Structure formats: C-alpha cells, structure tokens
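Let me begin by presenting the structure, written as structure tokens, before commenting on it.
So that you can tell them apart, the chains are marked A, B, C and D in the order they are listed, and the count of residues begins at 1 in each.
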Amino acid sequence: MDLRPQWISLWLVPLFGAIMAMAFVAFPGFLPPMPPSMTAVQVADFYAQHTAAIRFSMVTFNLCAIMLIPFFMTIAVQMKRMSLPSHVLAYSYLGAAATGATLFAIADIFWLIAAYRPGRDPQLILLLNDMAWLVFTAPVGAVVVMNLALGLAVYLDRRPVPVFPRWVAGFNVLTAAAMTPAVCAVLVTDGPLAWNGAVSFWLRLGAFVLYLVVMFAVVRSAISAQAREP
Amino acid sequence: MTARSATSAPSVPRHLPANKDLWVFVLGDFVIFGSYFVIFMVSRHQERGLFIESQRHLSLNIGVVNTLVLLASSWLVARAVQLTRAGEFERARTMIVGGGLCGLVFMVIKAYEWSAKIAQGHTFPSNNFFMYYYMLTGVHLFHVAIGLVFLGVSYFELRHRRRVGSVETGATYWHMVDLLWVVIFALLYVMR
Amino acid sequence: MTVAPVWTAPAWTRKPKIDQWIAWWTIPVFYNIFGLIFVVLTRVMPPPRPDITQTQIVQFFVDHSLTIRIGFALLMFFIGFASVANGLIALQMKRMSVSPVFAYAYIGALVVGGLPGCLIPAFAFVAAALRPDRDPQIMVMLYDWCLLSFVGSLGCFCTQNMVLALAIFLDRNDVLPKWLAYMSIWMIVTELLASPVFVFRSGPLAWNGSISFYLGTVVFVVWEFCMIRLLYTAIEKQSPNEQIQD
Amino acid sequence: MTAAVRTTAVWAGLSAITVVSWFLAPAHHAQPVAASTPITLGVLALAVIKTRLIIQEFMEVRTAPLWLRLATDGWLVALFGAIVVSYVW
C-alpha cells in the first residue's frame, strides 16, 4: 500500500502548525484574549487600530486551519485499520472532524468582516466580534466527540499489537474533558469560563495544541508500523 | 354504476395490490394531505368572502381539463396493470408511456396556469386563498413529478423483469396522485 | 482473534457489534437532550411568533436569557453526537447492496446540515441573549436569523432523505424496510413546505405555522422514532461475522 | 363485464362527473357569487363518489384485504366529515 499520502498529511501538521502559531501571536486580540466586557465603542476602536494585524492573522488562519483536515483523515484511516467490529467509529470521527473544522472556518470570517469597514456602526462591529468569539470558543462538541470516538476505538482495538497504544484512549478522554468546559462561554461573560477565561481559552487551546503534538507522534509511529506490515 | 355497488361485489379472491410498504406511504400521505385540507377549510371558514372572491380568478376550464388529463392517465395506467397480468407486456408498456405523457401534459398545463395567475398579479403572498392555491397545487405537483419516476420504474420493469407487483406499485402511486387532485379540484376550484 | 496477553480487555469489549451498540444508545439519549434543549430551555420549539413587535422581541430575550444560554451551552457539547448517529446510519447504508456513494453522501449532507439547522441558530440566539441591551433592530435580526435558519435549512435535509430513500429502494439486502424510504419522501415534502417560512410572517406557512412547523415536526418525530427502532432491529439482525465491503 | 370494460366504464363515469361539476363552479359567473350550501354539498358529494371510485376501482381496493378497505373508507369518512363540518359550522 502506498503510504505517501499519510506521510504527507502527517507532515502538514508541523508545517501549518508553525504558521498558525505565528498568526496566533500576530493577532492582537489573543494575547491577552479580548474580554467580553468591552463596550461597543472599545471593540470598534480595537478593530480600527489593529486592522492590519487582524487581517494578517485571520487570513492566515483562514488559509491554513483546514490544512489540518488531511491529518484528521489520516487518523480516520488508521481507525479503519484497527480490529474493530465495524467502521462506525471511523465514520463518526470523520463527520465530527468536518463539523469542527467548518466552525473554525466561519469564525475567522466574522473577525475579518468586523475589520473590513472601519466606519461601521459600533453595534454591528460588536455583534460580529461576539459571533467570532462565540463560534471560535464554544462549539467544542464536535472535537470532543472526535476524541471520544477515537478513544473508544483505541480501547476496543483487538489487534495483538494495537494500532495506537492503549494510553492514547485515556489521553483522548482527558483532552475531551479539558475542552468541554469551554461550552460555558455562551453562558457566562466573566471569570475562567468566559471566552477569555483561563479554562475556556487557555486550557482549551492548550489541550488542543498538546493533542496535536502527541497525536502527531502517535500517528507517525502507527504509519511506520503499517509500513513494516507484510 | 355508483361507488356503493362496488362494496357489494360478489366474493372475490383478496389481493393486496403492490405491497404493504407502499400502502404505508399512501395511507400516511392521505393523513398528511387530509391535514392540509382541514387546515384549508378552517382558514376558509375564517375568511369566507375573500376565498369565494379570489376563487373567481382561477380558471375553471384549466382545472377541468387537468382533471380530465389525470383521469385519462389513471385509466391508461390501470389498463397497463391489467395488460401486465394478461402477459401483454408490449401493450402495457405503451399504456404506461401514455400515462406518463398525460402526467407531463398536466405539468405543462399547471405551469401555464401558474404563469397566467402570476401575470395577473395573483402571487403566492397575495392573500390566504392564493397561498393555499400555490401550496396545495405545488405539493401536488411534486407528487406528480415523483409519480413520473415511479411510472418510469414500472416501464423498465416491463422491459426486463416483468414483475406484476412492481407495475402495481407505480400504478397505485399514480392513482393516489389522481385522487388527491380530485379533492384539490373540488376544494379550490368548485365549492363555494 | 485472541486478545494479547499483555493487556486483557474487559469482557464487555468483546461483545459482538459493541461499537454499533454504543453508537446506537447515543441516539435516543441525544434526541431526548435535544428535546430538553429546544423545547424546555431555549424556547425554539414550538417557535415564538414572527409577528410581534420589536419591544416584545427584546423582552423575549430578556425573559429567557438564562435558559437560552444554558440550553445552548448544552447544545455546544451534545451536537457532536449527531455525527455518531450519522456514522451509524451510514454504516448500515454501507451494508446495503448499493454503492457506498449514498452512505458517504448521507454523512456529507448532515455535516453541512448541522450548521444552518442547529449551530448557526444557536449562536444567533446566544448573541442576543448575552447582550439584550443591543440596538433593538439587531435584536430583531438575530431573532429572525435564528428561527429562519432553524426551520428553513431545507436542502441539506432534502439531500439526506433523498439519498437514504434511494439507498433503501435499491437495496436487495433488506437492511432497512422499504416503508422507511417512503417515509423519507414525506420528510422531503416537509422540507418543501418549510420553504414558505421565508415569505410569510403569519399563518400556516410562517415559521410557527400549523403546516410549516407543527405538521413537519410531527412527521419528523415519527420518522426519527421509526429510524431509531429500525436501526436497533438492523443491528440485531446483522451477523457478527458479516463482512462489509470498504 | 370484463375487467377492461369495467375500468373503462369507471373512467367514463369519472370524466362525466367532472364535466358536471364544471357547471357548478363560481368561475362561470361574471358577477360575484354568493356562498351556496346546496351547491357545495353537491360538489363534495360528487368528490366523494369520484375519490371512492378511484380508490375502489383504479387502486383495486375493492378486492383488497379488509383492513385496507376499512382504512381507506375510514379516511374518506373522516376527511369529508371534517370538511362538511368546517363548512357548515
């Protein structure tokens, strides 16, 4: 079997991950994250002052974020290699990955619209800014279900030497648990659970980045193992 | 002949046309369309004057012609089933094609009728009568379109595998389309 | 296949078709929570009236701000389980004697449908409920945005039901009964009759109308109930050794 | 009477009823027409006969199992009953 597509998809992660890390630092609203308590005028001011940086970072996210999809599809392909009763978990994973990625692709467009016309009514800029942050932060269900489906698949894998080591199941469940509280960003606008809070912003993003790093290593050895198979 | 005489027919061997699955659909569609008709009647009750006044703008001639077209297509399709049972697949196929062509004629006439009404300024949001007119005829037209697919399946069945049950399926569906139109015709065009 | 000696899986993991059973159980759970979210908490079902004044709309968000936010916080988590239900239905569709095209199209259509049908409406309501002091014009827009998108996301579900109906009609393995395919035609008709919600602000074809909303919802609930029941039977009847072509 | 003749007779009857109802409709009149309970009941009666003929003869429910005959007749009674009630009420 030709494993080159999987290798390429795997190495897209560090490449585009590095570019997105740059875009993350470049976005003036991430370090620190913009608080929901900002008034409409303050938000409008923010977009007027940092237009160039916002455009640069969000266009970069727009271009690069979906480049992670081939990596998630590689994981789906590895799930289909597992010795499971059926492929139902791989299909669930695939659907959830597509939903999660779509949401991110929508969020960065809201940021870009907010920055597009500086003279816009601050109320409208506030709405676009709210939408961007909410869509970016809250809908973690898709990623959580990806993690749970993968975790369950790893746990059920009946190969003598499993495709992914067993601890990956626990790691996926932990990541899911770390990301779940971010749903509270639609509920509160203050404290650690607000969209700029330690849990909803830093813990969620940190868990996701760590997840990418760990899964990169795990998938890499899984493809190597597949290469050694007769 | 009246409809009543049909029930007192001498005992005949019982036969379920088509299959149970299709009858789930037909009976369910009866219930769904029945709900539309009752909702229509309740609205009509509330705005009786408006409904009678708006109804005058419908072309009864077109309604009658379309009813006759669908009745003719139903006759052709019913004959096709009988011919299939008799093993005359060639003629049955011709009948099915005829029924389908009548369906197409119905759609063309309906499209003409709609465009004429729109040209006269009677559009979907004009008033409640025209809302129901476009809604009921539109949903019915969708059923006609699906019915053409069913007749197409019956046609290919007659070419290749020649199972009577499959031809009955298309025919039963098509008669349902005809029947629903008869009720729509009475409620929208004729009653006052 | 024997389990590796280094790690012994608990007995339940060796139950035949265990992954499908777990996926199946998420569906009734998901739909019950779905009902709780949309009916009890966020008041999206049955929908509030389209023909009320600006002040009344703002008041609606003031009155229900907390439950709207709690409900949609739950949705943000549970929406993910929709892909498990879709994955299971797609798997059963792959068991049919038809090409997997329809199974993959089913997943694709519903991945798309989850956004306009569920999440976009949720964000519109949340944005309004979080700041009821917004410009009232914007509040009215968010109100329309949510309910039109929720009731009026048509095409994704038409495609979903079309590919499902076609797969069942063409299938010779009798995975799901043909009458479910006919019911899926009703679902398409339901979507057709939801399209006038973009035209009418009151009456039976408005977004809270007897035809566009109530009749459609009845059809949907009946369809969903039958689907869940039939999936159970389909998994049960499936031989544990059945090979599904990839 | 053979099946073919019977079907053709049913079709002729249905078409004849349709032409009769053509004379009853308000679209004939240039002047605004008033609601008319007798005419409406007549129209509905013709519609019942037509729909029942289609069900019994074309859809072949006449020779179908009892449950189907009961279900279709039950539907006709419920539907036209509801229509008449909502009309005269």
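What we mean here is this: contacts are C-beta pairs under 8 Å (C-beta built on N, C-alpha and C of every residue); 3 or more make two chains touch, one makes a residue touch a chain.
Remember, predicted model here, so these are calculated numbers, not experimental data.
Colleague: Mean of the CA atoms for each chain, then the mean for all of them together: which chain is nearest?
Modeller: C
Colleague: Quick check: more C-beta contact pairs at B-C or at A-C?
Modeller: A-C
Colleague: Could you put a whole-Å number on the gap between the CA centroids of chain B and chain C?
Modeller: The separation of the two C-alpha centroids amounts to 32 Å.
Colleague: Express in whole angstrom the distance between the two chain centres, defined as the mean CA positions of chain C and chain D.
Modeller: Here chain C and chain D have centroids separated by 40 Å.
Colleague: Just the number, please: Cα centre separation of chain A and chain C in whole Å.
Modeller: Roughly 23 Å separates the two chain centres.
Colleague: Using CA atom averages as chain centres, what separation in Å is found between chain A and chain B?
Modeller: That pair's centroid distance is 52 Å.
Colleague: Among the residues of chain C, which are close enough to touch at least two other chains?
Modeller: None at all.
Colleague: Would you give the residues of chain A that are in contact with at least 2 other chains, written as numbers and ranges?
Modeller: Counting only residues that touch two or more other chains, chain A contributes none.
Colleague: What residues of chain B sit close enough to touch chain C in their complex?
Modeller: Residue list for chain B touching chain C: 19-22, 24-25, 28-29, 32, 35-36, 39, 43, 124-125, 128, 131, 135, 138-139, 142, 146.
Colleague: Using the touch definition up top, name the residues of chain A that touch chain C in the complex.
Modeller: My answer: residues 36, 80, 83-96, 98-99, 102-103, 106, 121, 123-124, 126-127, 130-131, 134-135, 138-146, 149, 152-153, 155-156, 158-161, 166, 180, 182-184, 186-187, 189.
Colleague: Could you list, by residue number, the parts of chain C that touch chain A in their complex?
Modeller: 1-4, 7, 9, 13-14, 16-20, 22-23, 69-70, 72-84, 86-88, 90-91, 94, 107-108, 110-111, 114-115, 119, 122-123, 126-127, 130-131, 134-135, 138, 142, 240, 244, 246
Colleague: For the complex, which residues does chain D have touching chain B?
Modeller: Per the stated touch rule, the residues are 3-4, 7-11, 13-15, 18-19, 21-22, 24-29, 32-36, 39-40, 43-44, 46-66, 68-69, 71-72, 75, 78-79, 82-83, 86-87, 89.
Colleague: What part of chain C is in contact with chain B in the complex they form?
Modeller: These residues of chain C touch chain B: 177-179, 181-183, 185-186, 189, 192-193, 196, 199-200, 203-205, 210-211, 215, 219.
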